[in-house]
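Below you'll find a set of structures to go through.
First chain A sits with chain B, and in the next complex the same chain sits with chain C.
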Partner chain A sequence: MRTLTRLLPKLAVGLVMIWAVATFTFFLVHALPGSPGDAAYENYILSGMSPEQAQAKVSSIYGFTSHDPLLVQYRGYLWRLLHGDLGQSISYSGVPVTHVLRAAAPWTIFPALAGLVIAFLVGTSFGAVAAVKRSSRWGGLLSMSGSFFAGIPVFVLALVLAFLFHTEWNLLPYGDTSDVTLTPGFNGPYVVSVVQHAILPVATYALLGYGAWLLTMKSSVISVLGDDFILAAELRGLRPRTRMRYVSRNAILPMFTVFALSIGYLLGGSVLVENVFDYPGLGNVLFQAIGARDYPLMSGAFLLITVAIVLANIVADLLYTVIDPRVRR
Partner chain B sequence: MTTWRVLTRRPGRVIGLLILALFALMAVFGPYLYAGPLAVDPNAIYSAPSAQHWLGTDFAGSDVLQEIVIGARYVLETAALSALFAAVIGTLVGLVAGYHRGPTDSVLMRLTDFVLTIPGLPLLIVLSTIWSFGQPYEMAIALGVTGWGGVARAVRSQTLSLRERGFLEAARGLGLSSRHVIFRELLPNLAPFVAMNMLLAVIAFIGAEVALFFLGVVPFSSSNWGVMLNQAVFSGGAMDSPAALSYLLAPLLCILLITIGIVLFLDAVDELFNPRLRERS
Partner chain C sequence: MTDTAPQAAAAGAFAAPLASIASAAGSAASAASAASATPETEVLVRDLTVCFRTDRGEELPAVAHADLTLQAGLITGLVGESGSGKSTLALTLLGAVPSPGRITSGSVQLTGIGDVTRLKGAALRQVRGGKVGYVFQASQNSLNPLKTVGKQLLDLGRAHDVEYLPGLVRRARELCELMGMDGKRVLDSYQHELSGGMRQRVGIVFALVLNARVLVLDEPTTALDMLSQAAVLKIIGQVHKEIGLTTLIVTHDMGVVSELADRLAVMYGGRIVEDGPAEQLLRRPSHPYTRALINATARVTGDISRARALPGRPPDLASIPRQGCVFRQRCAFVMDQCATEEPPLDAWGGDIDNAGGSGRRRACHATPEAVIGA
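What follows is the complex of A and B.
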């Protein structure tokens, strides 16, 4: 019950945010000089269609009837959005945007999630070590590595990895999701190829998230180490390992805010990661859509990325409530 | 005195400061050093580093070092300007929210959450379809307006903790106006904290602006590191040919060096303002 009362406002804020982004992309598309719908409409007229036919065709392809007042179009857009209809893509001539996004989503979600998990495991353990050994040279180096990877731009990381592991050492392939000569399916060579092609993107996502986990864990552990119950544990003569278990359990709590932030970074960075590694995920779809002036697809991809981040925030908050009894009370 | 001792205690911190100073000099004096348009030499395309071209040449035979030095101004000027915009907006929002608390705080923090949640880079590339923000100040406005969320949140929490200190209670007890308390009492105490956040923001904004040029979604109005990377990767074939190595690596290394410089320098700043981190012997 308490969980619910805490969660509802968050849900409401999330919904408002999704609505705001939807509204923003709608009006953005309409602020563009010469909307794609108008251009297509003129083309149909020129190719000899009657105005009614052209109008019907445009509204079936672009998802909005371009001669209605803006507010009516906006209402129609929101209504279709609520029914999961994002209109039709222009560059994929008439394929529903939702289909394009559904095909692309796994290639973003799985590598990003794998990177997130790796970054979490490595980052939090190194963060704890960096906190305990903060006066030693190794502790200093560890936290420096955290700040470094937290600061380094995504595409620099991706380009350096691609350059080193592909061009220079020729260890790993990149470009697309697998070797194009193989037949997709559950067969050995194809699976191996998919995994090989995924290593560099996953590594980029992992290094991207690593810094935030390490730095947050470090400062969290430092503050828990100063707590009275740790001093008490020390005085009771508990083994360092037991003491460390107390510390890590209490220090892990602030990590949930990092979880939400990381998801944002990773999905936002997917545009660059997928661009460098030529990976057909959501970020690449968004980038291609902008290049092709495919506005329905562009707004759809942008909306989906935002919705994913909003959902991750809500999930992080829910987990926090489940794990920390103090929030529930 | 303490500043100097903290700075020199680890050699890395001095190195960080030196790196930053080097790039600052490059940005200020670089364009004067190489006046005039880039020299193009069709006989020396992708030539290897030599005495004449320290970092080799690019696809048109232009000197890579020259391009790096000239490009530094755009990159650093824009990042600094963006960080300034973000710091001004973020500090104002964070201060007002943290000082007034209550409904003002809720509204401003929801707004901040909103700015933080919407993914920055996708937003910027979507925005680039209606507004080609290639000029330095335009780019700075675009980056600053979308990137102040982190500063606002940090300033708010710092304000909340400063608020409980004695000197602020005294100021309020004396019946001084909130304007006086915010700008004369709170702001000076927040200044070093804001400066630290600004340095962090500079790293992020360098990444963002170079990324936008790298992706090629903003017009190439001037030569800078992002344009170099775009041309090296997408038209120069630098990922496949070893000849273009220095053209690809030079801008990457510059960005890495600045990142390292800021991180090393921040280590000192962090210790100065965060006595809890100082080593206990």
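What follows is the complex of A and C.
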């Protein structure tokens, strides 16, 4: 019950955030002079269509009728949005945006999640070690590796990995999600190829998150190690193992906020990662949509990313609630 | 680890809530009553020096050549201003030194165990909590916020190889009741669900639940409001007597120990400057620092208008004089000798009306008569 009352405001904020992004992209597309809808309409007129035809075509692509008053258009847009209709893509000539996104989403979600999980497990473990052994050489080296990967720009990391593992050592393939000569399906060679093609993007996501997890976990562990109750546990003669368990559980708590942040970070990073590896996920779709000024697709992708971040926040909050009795009550 | 809870169960948990505590403490209690005839020592601190390395790389003593004896069955108060080294000294009873400190000389002998400062690993862990119960200066936050009190009690039991955990839980509940708390409720609570006074008492439960003979309380009342202070002090006195403990109360507040303690030791700048029976020491302090400290405490003098604050500030590690008497910068009795010679902590026959065998010691160049008579 408490969980629910705690979660409802979060949910409300999330919905408002989604609505705000939807509204923002709508007005970006429509309110600006020389909006893409108007431009397309004029193009159709110039190519000899009747105004009605041009109007119908524009409205079918952009999901609104561009000569209605703005507010009416906006209402229609929201209405269709509620029904899961994001309009039609321009660059994919009339394919519904939802289809484009649905095809691309798994190729971002699964590699990004895999990278996130790996980064979380390795980063927090190493962060804890770096904190406990902070005065030794190993601790110092671990911290340095964290700072290194936290500071390196995404596309540089992706390019270096692509260069080393593909161009230089020829260990891993890249480009697309699998070898295009194979037939997709649940057959051995295809699955192997998919996994091989995913390794570089996943590794990039993992290394991208690793540094941040390591550094935040390290500082969190150091701060918990300085807490009174850890000293008390030692002076009550508790086993080192028990003490370490106390430390790690308390230190992991602030990580859940990082978790929500890092989802947004990863999705943003996917634009560059997928571009480098020529991987047809959401990031690539967004990148191409921007290049082609495909506004319906763009706003659809933005919306999807917003929803993902809102969901991640709620999941993080739930996890927090499960582990922290002070919040749960 | 002896566990006497099954006996208590047989006696009926509520008919005789203190049965197991009393029986567990039986031997200690008889030792205490014997103590009045021939004082037995429970803890012997000898020539103890604990140093901290400063930023400039010097090793400075927070406790210097301290001698302190805790007699079995008595409450000893360790008093001094902030930074005088009380906590550092008290922690050595657990064989602990806050990093980056280290013990550079001396020993801490516990009866039946030996020198704790030489213990390591599992043997040291068994002493901590098992033989010496410590209630922390920050015992408001001495529990893991993510686990219930009960679960942490089980962790404590496992760490000390308690074979019969239900017995431990029963004993913890009894201790809770003894201190006026609902045992079941407390064990089911998280730290944040307990009030300050309750946390303090839970700290005492944790210190005693493994049948420790020695109880150390570091500033047991500092974080509490006046009402809870009085309650906690009363409880400490009760528990001490009921279980027959040897108790050390560390505090900067003379008022806290003036009613409770049998003996007092006064610390300044890492040195014990005076000790002896509490009543004598309070009535006729023979060291200028003790005298000033008492005069500064309205609760002891009983008169706020006569309470005079100590002049100057207590020194920190770097500003403790390296030569002569550590108190000389603030002393009203200072003389030439004080600047060059550190006064030794010598036995002193005691007050005129209590001459002989009083067990008083003082470290001062001025004569006791001069200080007492002033």
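Descriptive notes on the structure:
Basically, the second predicted complex is superposed on the first by the 311 of 329 C-alpha atoms of A that agree within 3 Å, B and C clash if a C-alpha of one lies under 4 Å from a C-alpha of the other, contacts with A are read in each partner's own complex, and residues count from 1 in each chain.
One rule holds for everything that comes next: a residue touches a chain if its C-beta (ideal position, glycine included) is under 8 Å from a C-beta of that chain, and two chains touch if they have at least 3 such contacts.
Since the structure is predicted, the reported quantities are computational estimates derived from the model, not experimental observations.
Per the definitions stated earlier, placing chain B and chain C onto a shared chain A by superposition produces no clash, and the two fit side by side. Contacts of A:Pro201 after superposition: neither chain B nor chain C is touched.
Using the contact criterion defined above for the overlaid structures, shared-chain residue A:Gly269 touches chain B, although it does not reach chain C. Looking at the shared chain after the overlay, A:Pro96 reaches neither chain B nor chain C.
Once the two complexes are overlaid on the shared chain, A:Gly281 sits clear of chain B and of chain C alike. With chain A as the corner point and C-alpha centres for all three chains, the angle toward chain B and chain C works out to 70 degrees, nearest 10. Taking chain B and chain C in turn and counting the residues of chain A each one touches, the greater count comes from B. Here's the short version: in the overlay, chain B gets within 5 Å of chain C at its closest Cα pair. Taken together, the chain A residues at the contact with chain C in this complex read 227-229, 231-239, 242, 246, 249-250, 253, 323-326. On chain C, the positions that touch chain A within their shared complex are 91, 94, 96, 124-130, 134, 136, 138-148, 155-156, 158-160, 190, 192, 206.
Within the complex formed with chain B, the chain A residues making contact are 13, 17, 20-21, 25, 28, 31-32, 134-135, 140, 144, 147-148, 151-156, 159-160, 162-163, 166-167, 222, 261, 264, 267-269, 271-272, 275-276, 283, 286-287, 290, 293, 295, 298-299, 301-302, 305-306, 309-310, 313.
Those residues of chain B whose C-beta lies close enough to touch chain A in the complex are 10, 12, 110, 113-114, 116-123, 125-130, 200, 203-204, 206-208, 210-211, 214-215, 217, 229, 233, 239-240, 242, 248-249, 252, 255-256, 259-260, 262-264, 266-267, 276-277, 279-280.
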